[in-house]
Each structure stands twice: as structure tokens, then as C-alpha cells.
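Below are two complexes that have subunit A in common, paired first with subunit B and then with subunit C.
Moving on, here comes the complex of A and B:
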């Protein structure tokens, strides 16, 4: 038995898992309908931006009813997991699920997949016969991913950086790399049975003034870590930055750099997709402004020819949206995307050149780290501040990178911390910043920029 | 080049020669060097000095008392560094309540004083000096706010000053203090005549056994069927060491190790038997455990071999209890997310797998209400130690 399989058998021997049957799961995946695989849908819908909302409810009935509402209008169904499960606290999730069922109140902020079990969940997933995407935020997702794939969920979001730095305060980053390496191997192994399991990175990060070079570098790092374990379908992603121009430039540089660095590690047979998240920052409370913001997001997704868009709703500022809010948002986005078919795109070449150079400069430093494995090079780069995510709560993050918006709402690097940017790149960033007469007003500027869409 | 690996424990010598491991109960009437030569002299002579690797826990490790400003930063950081350097902590003292602490009677190998980031002023005053005057210690090191150095150097003799272990972002800076404590450990070995003589057998550095065990853990899966996150419980004659995967604790600490260490000085079955019995008798669950094992508390005071077996079972239970959320301590380990428990040390020579499994299963059922327990891996052949020594 391989070390991977031995680990998997120990992991599924869990108090909250009812007899995990590897052979049966393998048989299920071999014979699963191709319509359940988003990797297949990407292939067969090349000219369409697939639309995926967000959503997850604690009880099976509510989740089922959410999918009933979504199924006619969405291309991909979401399965958002609750916070207890994300922290591997299946005991608390079980209690809250029981209470949710008894009181008919949602006491969890997502679907507790481990507690429902894969046999039950699979019935729902196969019934709708639409790809389902697992959205979670789990640092140690090894068990969750086993259960998801066994349920027929063939897209797994997350990664060792994007599910740690924005979400966690002190989960050990090195352990996260090792746990996600396990996840990648499981996904790679299952990908040989039918259509590939698609892995997706979480590009929005903290969704707060993250400069595009950081987003791109992290996306590509997670992609490389995934591809080197044998994953054949991967989605890089980023979120609406608040600047149309910057979004167009980001998408172009991200696509190019993803292919370039995949080739650099010798991978040429993997499909790389682009996913666009509608605005992930602070949302306006005025629902008409929200509608407008969502429409702009849909338009940009069309312009960047995203393979998938993940939507928001006009209720974002007020809490978890209802299934009706979600269905309406999806329907509007589908309408806008249809109306914008064939929309031309353009790219600011000067911006593209600068962003590409920044990405290459950071990668040069990562690859020059003396560690013998890619994950450790990336880990060391996070520790050393070569990768620095603004507003990350995690103790390992360097937190010296400071960004503000320029007059056109582009995110610019005000202080580079330990980012290994050349003078040329940094001067370019600085040349775009105008803090007015009072250079001490940077804090006010940042506060303003965080709420730029309010 | 074939290596010979030797571990000098508090009760056993463990010797690995050409892949085969043997144990020798120590004769406490002889010094370590003579005893080792008497028992393994012929094998040792077959090897050159550079082929012999020795580690030891027999000098008992160093003892420390830590004085810090806060539980959440200075004491926690200093404790973590001390444990990972193989040092045993006698007491941690919160400075604001320093006058309420009893003065330890024993001679401390080192006192660690810590507190504040470098910009913090007026941290320590005469109260600290008064307290230190009542202690008996061999070394004292300051790793706190740099603003306090002048005052402390003026008032404390032979004070060693190292960089602050808390940086301005409240992150831990461990290297200098760790190196200092590790060097003290070496100096301690050199100061103990019978261990010092072991350098006549080897030209390699003698490390502390817990350090060796800790270094091997990232590679443990190559030898044992273990899945992360796991803990290693090393129950020996004098102390019990826990090595735990860092994601099992909620701590604001970044260290370079994937696994941290914690020591219970008073849960050993031979050298700290009395305190083990005392701890057991004061534990609210132990009587149910005794009933489960079909015995009574009278057995705890018995000198029979059966009693030693029982004490070993109790020490497994008490260790799990002390690191669980049922017991507030330096840290609590998330036992509900554990995938594997590895047992090693002298205990594996006395208890069989079923006896160990029984205790773990009792603990999980009784305290966590779990029917399924983490997989138990028993390192009977000291694979972890061999792995660490070989690397």
C-alpha cells in the first residue's frame, strides 16, 4: 500500500465518518456522468463564461431546495461549507446541525458535509447532474475533500496560501502546505479515472487593496504546487479590483504568466482556466449601487473572457443572501453576459509590461530560495516577506506592504516592505500615487480606499 | 561506515548496532561509562570513535524558572523555546504577581527573564531584584525589552543579555535563546563527570534524546504507519515527553519546527513514581479507570510488578488528560482532531498493544465521547530514535 493510501485510510477512520468505502467511491467516479465534471463543462462551453453563485445551508432539505432554485439558471452549483467543519470541529457542526433541524433555523453558515456524509450528499448532487464546486476555507481539508469527491463534487477550491493567509491567524503555514500536497495527490489520482477533478485557487485573498502582482504570484504558486502533484485541470482566479483597467491588465498577465510558469516546471498538458470574482470588498448598502457594481463585474468578466464568474448579490451588505436573492443575481449576470457577447477588450501595454516585470521579479526571488522543494521555497518566501498580503490576519505574514489607490482607482504599492521589486518597478508604482499636499494622509487614504465602493 | 547508536536513558541503555537494537537495564551502582563498557564493551570496540553516535537524557536535563510579563507572550514564548531546547521548566512567574509565588527550594540551572517589546520602558524594578536574591541559580539570561538592559545589568551579577525574543510585531525570535540553552545543556553534560567520559567513546557531539526524537518527526511516516496530525508520547523512567504537531494547538507562535515539545517532569514511572501516584489519586476520572481495569487504588501503593504496569497505564491516561481541554495548562492539544498517537519509550517494553489501546479508548469514550480513537502506533523498536540518530 502506498504511503498516500495508508494516510487516507487513517484519515477517513474518523468518529464522524460512516464506513468510507474507497473501492465503491472509485467505482462511482469511474462511472460518474461527465456533466458532473466542471473540467468537462469548461471543455464543452469554451465560448461561455460559466456562472456560479455562492451558497450553503446546514440542513439537507434547505440545501436541496437551494439547488432546486439554482439549477435552471446556474452553470455550476456551489457547496459552501460551515465554519466548524472548516476548522475540523465536526462535533460542534453535528450539534448545530441537529439544532438547525429541530428548530428549523440556520445555526450554521454552510453545509456540514462530513456530518451529512457522502452517501446522502451524493444523492443530491447526482440528482441535479450539474457540476458542484466546493467552497470552504479549510487549512486541513484532507477529510473534507475525500468526502466531497465521494459525493460527486468534482471541483475543489482552496490552497495552502489562499486558505491560510486571509482566513487564519495561526494555523501553521508549513503544515498547510503538506496537507494541501495530500489533497493535490488525491485529486490527481482521481483525475485518472474519468474527467479531471478541477482545482481552483482563491484569488481574492483578503479582498482589501491586494496589489495584482501579489494576487498573480500566489495564484501561480498554488497552481504550480498542484500541477507538480499531477493535477490536470486548474483554475486561477482574481477578484474585481475596483479598476476596470487594472482588471483587464491583471487577467492578461495572469493568463500569460500561468502558462509560462507551468511550462517552466515542465507541465504542458494541463488545462488552466481563469475565474473572476465579482467585487469581494465592502459592499454598498444602497441596493441600486450594488446592482450597478454587480453589473460592472459581469461586464468585466465578459471583457476578460473569464471561463467562470462567481457572483455576488445585492443583499451582500446585509448578511447571508436568500436563495431568491442569489437566483436573481445569477439571472441578471447571465443576462448581462449574453448581452455583451463579443465585447472587445483592450490592454494598457505600459501597465501590462510593469505588472509582468513585477511578477517575474518576485518569482525570481522565490525560485532563488535555497530550499530543495517548491513548497518550502514558497513557505520561506512568505516568512521572509517576499510574498506579503495586505491585511492578512496570519502571524506569519510580513505586513509591511502598504497599498493605496491612484486617481483612477488602480491599487498601487506605496511601501514595498520586503517585496523584491526593482527600482524601475517600484518607481513606476510610486509615480502613479498622488496623496495631495499632505503625504501624512496615507492612513486616511487607505480608509477611503477600503470603502471605495460604498 | 556502519554506525553504532547509543541512547543513555535514566533507566536503560539502548544500543543499535548494525540495525539490531538491544536494551540494558542500568546498574546505578556503577558510573554510566563503566556500566556501558561492561555491558556493550565488545561491540563498542568494533567501531571507530566517529562511527559512534550517543544521545542522552540521563543527566536529567536542565531546570529553569521563567519570569515574564504576560502569560500570552513572554511566558508562552520563553516556555516554548525552553521546551524545544530540551529544558525542564520548574516554574513560570507572572511578574505582576511575583511576590505571591513560593520560592523554589531546588538549585535552578538557569533563570530566564523576559518581557516587553523593545519600545516598552519601565518594565522591571527592585521587586525583581529582591525575588532573584532569594533564588539559587547557576545562570541567568535576559531576553526582554532592550530598554531594561542597563538597569538589570547594574543590579544582577553575571547576567547574560540576548536579543529580545519578542519582536515589534509580537512575533517570536527564538534562535539566540535556543542556542544559548542548547549550549548550556552541552556544558551541563561536560560538567557531569560520568557523561563527560562518554566523549572517550565518540568523536561526535552528544545530543539530548528529546532533541533527537523531535528532529526525526517530519520523517516518521517513512518508518511508521502514522498520519498527521499526530502526537508522540514518550513515557520514560523519569519524565514524559510529548511531541505534537503544531496545528494541534491554537498559539500565536511561529517556530521553525513542525513539531513542538512539552515535558511532564513528574509523570515518570520509576524516578517520579510518588508524584505520579499523587497525581493519579487526585484525578476525578482515575477511580472510574481503575474500576474499568478491574482494580482498586490500593494497587497504586503496591510494589508488585503488576503495580508498575498499572502506573504505566495511568500515566498514559494522565498525560492525555493534562494536554486535553479538561485541564487548563501551558497548552491544550486538540485531541479530537488527532489522526494518530505514537507511544514510545520504556512503556512499550512493559505494556502490550491491547493494554495501551484500552486506556486510549477509555479516555476518548469517557472524556471526549468518541467511539473511534486515533490509530495507535507503538514504537517498540525505537524506530523514531533510530531515525533521528541516523539522520
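Moving on, here comes the complex of A and C:
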């Protein structure tokens, strides 16, 4: 038995898991309908931006009726996992699930997949016969991912950086790299049985003034760590920045750089997809303005020819949306995308050149780190501030990078901290910023820029 | 002048925490930011370790009161009477009445209490308060 398989058997030998049958799961994946694989859907819908909402409820019945509501309008179904499960606290999840069932109120903010088990969940997934995407935020997702794939959920979101730096204060970053390395290997192994399992990185990060060069570098780091282990289908992603031009530029540089760096580590046979998140920052409390913001997001997804868009709803400012709100939002996005077919692309060479150079400069520093493996190089780069995420709560984050918006709403680097940007790149960023003389103006500007869509 | 700051309790409002950090720095303070999810004991440890003149605790989710009741005991125990204790943010769940909240937190041992007050305004008051101290 391989070391990996031995680890997997230990992981599924959990008191909350009822007899995990690896041989049966393998048979199921081998014979699974291709319609369940998003990697297959990407191949067969090359010219369409696939639409995926967000959503997850505690009980099987509510999850089932959410999928029933979604089925006619969505291309990809979401499976958002509750926060107890994300922290591997399956006991609390079990208790809250039981209470939710008894009282018919939602006492969990997502679907507790471990407690429902893969046999039950698989019945729902195969019934709808549409790809399902696992959305969670789990630092140690080794058991969750086994359960998801066994259920027929063939897209796994997350990664060792994007599920740690925005979400956790002190989960050890090095452990996260190793746990996710295990997840990549499981995904890679299952990918040989049928269509590939798709991995997706979480590009929005803190969704608060993250400059595109940081988003792109982190997306590509997670992609490389995944491809290194044998994953054959990967989605890089980013969220609406608040500047149309910056979104267009980001999408181009991200696509180009992802392919370039995949080649650099010798991977040429993997499919790389682009995913666009509608605005992830604070939403207006006016539902009509929200609709407008969502329309702009759909339009930009069309312009950047995203392979998938993940949607928001007009209820965003008011809490968890109802399934009706959610289905309505998807239907509107489908309408907008359809109306925009054949939209031309725009080019801003100066911006593209500068962003590409910034990404290359940061990668040069990462690759030059003296560690012997890529994950250690990336780990060291986070530790020493070469990678710095604005507004990350994590103690490892350097927190010296400060960004503000310029007059066209582009996110610019005001203080570069330890980012290894050349004078040329940094001067370009600085040349766009105009703050005046008031010493309070940076903070006031940041407060204004965070609430830019309110 | 050294300041220890952070968000108390199970509160993850990182944006406000970073803004306080940046603002204090731009006013010339030397900032030791413990970040979000910080317990009262950790704040006291940091004040002793850094020999800070100011402890600025923030709380956004309204749970501050439960965490700060033991402040007087800790102040006595570690002889911290020369340290200026400041708390600010949303100091109650819901709207809250400032005329009741401020005296309550002063009784807990805070020198300056800012309930739902603009960040710059609060820091101006802190600056004035600290002018009497030798740096």
C-alpha cells in the first residue's frame, strides 16, 4: 500500500464517517456520467461563460429544494460547507444539523457534508446530473475532499494560501501547504479514472483593495503547487476590482502568466480556466444599485471571456439570500451574458506591460528563494513579505503593503513594503496616486476606497 | 511613543484594526499591533513586554464588555497605573446609549472611551491627552 493510501485510510477512519469504501468510490468515479464533471463542461461549452451562484443549507431537504430552484437556470451547482465543518468540528456540526432538522430553522451556514455522508449526498448530486462545486474555506480539507469526490462533487475550491491568509489568524501556514499537497494528490489520482477533477483557487482573497499583482502571483503559486502533484484541470480566479479597465488588464495578464509559468515547471498538458467573481466587497443597501453592480460584473465577465462567473445577489447587503433571490440573480446574469455575445476586447498595452513586469519581478524573488521545494519557497516569501495581502488577519502576513485607488478607481500601490518591485514598476504605481498633503488623507482615502460601491 | 493595539475577543474586524494601525503610525506612534482575536491577558502581556505607554483596544462586534471586566484586577496585579487605557468601537450590541456606556467602561478602568466615534476624532483626543506625557 502506498504512503498516500495509508494516510487516506487513517483520515477516513473517523468516528463521524460511516465505513468509507475506497473500492466502491473508485468504481463510482470510473462509471460516473461525464455531465457531472465541470472539466468536461468547460471543454464542451468553450464559448460560454458558465454561471454558478453561491449557496448551501444545513438539511438535505433544503439543499435539495435549493438545487431544484437552481437546476433550470444555472450551469454549475454550488455546495457551500458550514463553518464548523470547515474547522473540522464535526461534533458541533452534527448537533446543529439535528437541531436544524428538529426546529426547521437554519442553524448552520452551509451543508455539513461529513455528517450527511457521501452515500446520501451522492443521490442528490447524481439526481440533478449537473457539475457541483465544493466551496468551503477549510485549512485541513483532507477528509472533506474525500467525501466530496465520493459524492460526485468533481470541483474543489481552495488552496493553502487563499483559504488561510484571508480567513485565519494563526492556523500554521506550513501545515496548510502540506494538507493541501495531500488534497492535490487525491485529486490527481482520481483524475486518471474518468474526466479530470477540477481544482479552483480563491482569487478574491480579502476582497479589500488587493492589488492585481498580488492576486495573480498567489493564483499562479497555488496553480503550480497543484499541477506539480499531477492535477490536470485548474481554474485561476479573481474578483471584480471596482475598475473595469483593471479587470480587463488583470484577466489578460493572469491568463498569459498562468500559461507561461505552467510551462516553466514543465506542465503543458493541463487545462487552465479563468473564473470571475462578481463584486466581493461591501454592497449597496439599495437593491436597484445592487442590480446595476451585478450587471456590470456580468458584462465584465463577458468582456474578459471568463470560463465561469460566480454570482452575487441584490440581497447581499442584508444577509444570506433566499433561493428565489439567488435563482433570479443567475437568470439575469445569463440574460446579460447572452445579450453581450461578440463583445469586442479592449487593449491597454501600458497597463498590461506594467502588471506583467510586476508579476515577473515577484516571481523572480520567489524562485530565487534558497529553499529546495516550491511550497517552501512560497512559504518563505509569505513570511518575509515578498507576498503581502492587504487586510489579512493572519499573523504571518507582513502588513506593510498599502494600496489606494486612483481617480479612475484602479487599485494602486502606495507603500510597497517588502514587495520586490523595481523602481520602474513602483514609480508607475506612484505616478497614478494623488492624495494631497493632509497626513490623514491616506486613511481617509482607504476608508473611501473600501466603500467605493456603497 | 509606544502603543499596543488590537481587537478584543472573538472579533475578526480586521479592516478597522489595520486602519487604526496605519493612522497611529502616521501620527508618529510606535505601534505593536496584536491583530484580531486577542484576549485581554495577551494585551497586558504585550504592554509589559514592550513597556508601552498606551493600550488601545478596539471592539466592533459588541462583545467588549464581557472581556474587559477584569481589567482593574490585572491593572493592580501588574502595577500598570502609568499606562493610558483606551477602548473604542461599537461597545454594545445594537445602538447603545453613550451616556450609559462611557461611565461603565471608565469604571472598568479605561481612561478614554470612544463609543461609535469617528476614528480621526478619537485619535485627536488621544493625541491631546498624551501631550502631557514625556515621550
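FYI, the second predicted complex is superposed on the first by the 451 of 454 C-alpha atoms of A that agree within 3 Å, B and C clash if a C-alpha of one lies under 4 Å from a C-alpha of the other, contacts with A are read in each partner's own complex, and residues count from 1 in each chain.
Rule of thumb we're sticking to: contacts are C-beta pairs under 8 Å (C-beta built on N, C-alpha and C of every residue); 3 or more make two chains touch, one makes a residue touch a chain.
These numbers were taken from a predicted model, which means no experiment stands behind them.
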Next on the checklist: With the two structures overlaid on subunit A, would subunit B and subunit C clash, or do they fit side by side?
Outcome noted: clash
Next on the checklist: Quick check for you: in the superposed arrangement, does A:21 touch first (subunit B), second (subunit C), both or neither?
Outcome noted: neither
Next on the checklist: In the overlaid three-chain picture, which partner chain does A:447 touch, first (subunit B) or second (subunit C), both, or neither?
Outcome noted: second
Next on the checklist: Touch test for A:395: subunit B only (first), subunit C only (second), both, or neither?
Outcome noted: both
Checklist entry - Just subunit B (first), just subunit C (second), both, or neither: which does A:7 touch? => result first
Checklist entry - Residues of subunit A touched: more by subunit B or subunit C? => result B
Next on the checklist: One more residue to check, A:353. First (subunit B), second (subunit C), both or neither?
Outcome noted: neither
Checklist entry - Of the partners subunit B and subunit C, which touch A:208 in the superposed model: first, second, both, neither? => result second
Item to check | Partner chain in contact with A:169 - subunit B first, subunit C second, else both or neither | outcome: both
Checklist outcome for this item: Clash list for subunit B against subunit C, restricted to 1-9, 55-63, 109-117 or 307-315, contains only 109-117
Checklist entry - Following superposition on chain A, which residues of subunit A contact subunit B and also contact subunit C? => result 169, 395, 399
Checklist entry - Along subunit A, where are the residues that touch subunit B in the complex? => result 3, 6-7, 10-11, 13-15, 88-89, 91, 139-140, 169-172, 174-175, 178-179, 383, 395-396, 399
Checklist outcome for this item: subunit B contacts subunit A in the complex at 169, 171, 221-222, 225-229, 245-247, 250-254, 258, 334, 336-337, 339-340, 370-372, 375
Checklist entry - In the complex formed with subunit A, which residues of subunit C make contact? => result 12, 14-15, 17-19, 21-23, 26-27, 33, 35-37, 119-120
Checklist entry - What residues of subunit A sit close enough to touch subunit C in their complex? => result 169, 206, 208, 390-393, 395, 399, 402, 439-440, 442-444, 446-447, 450
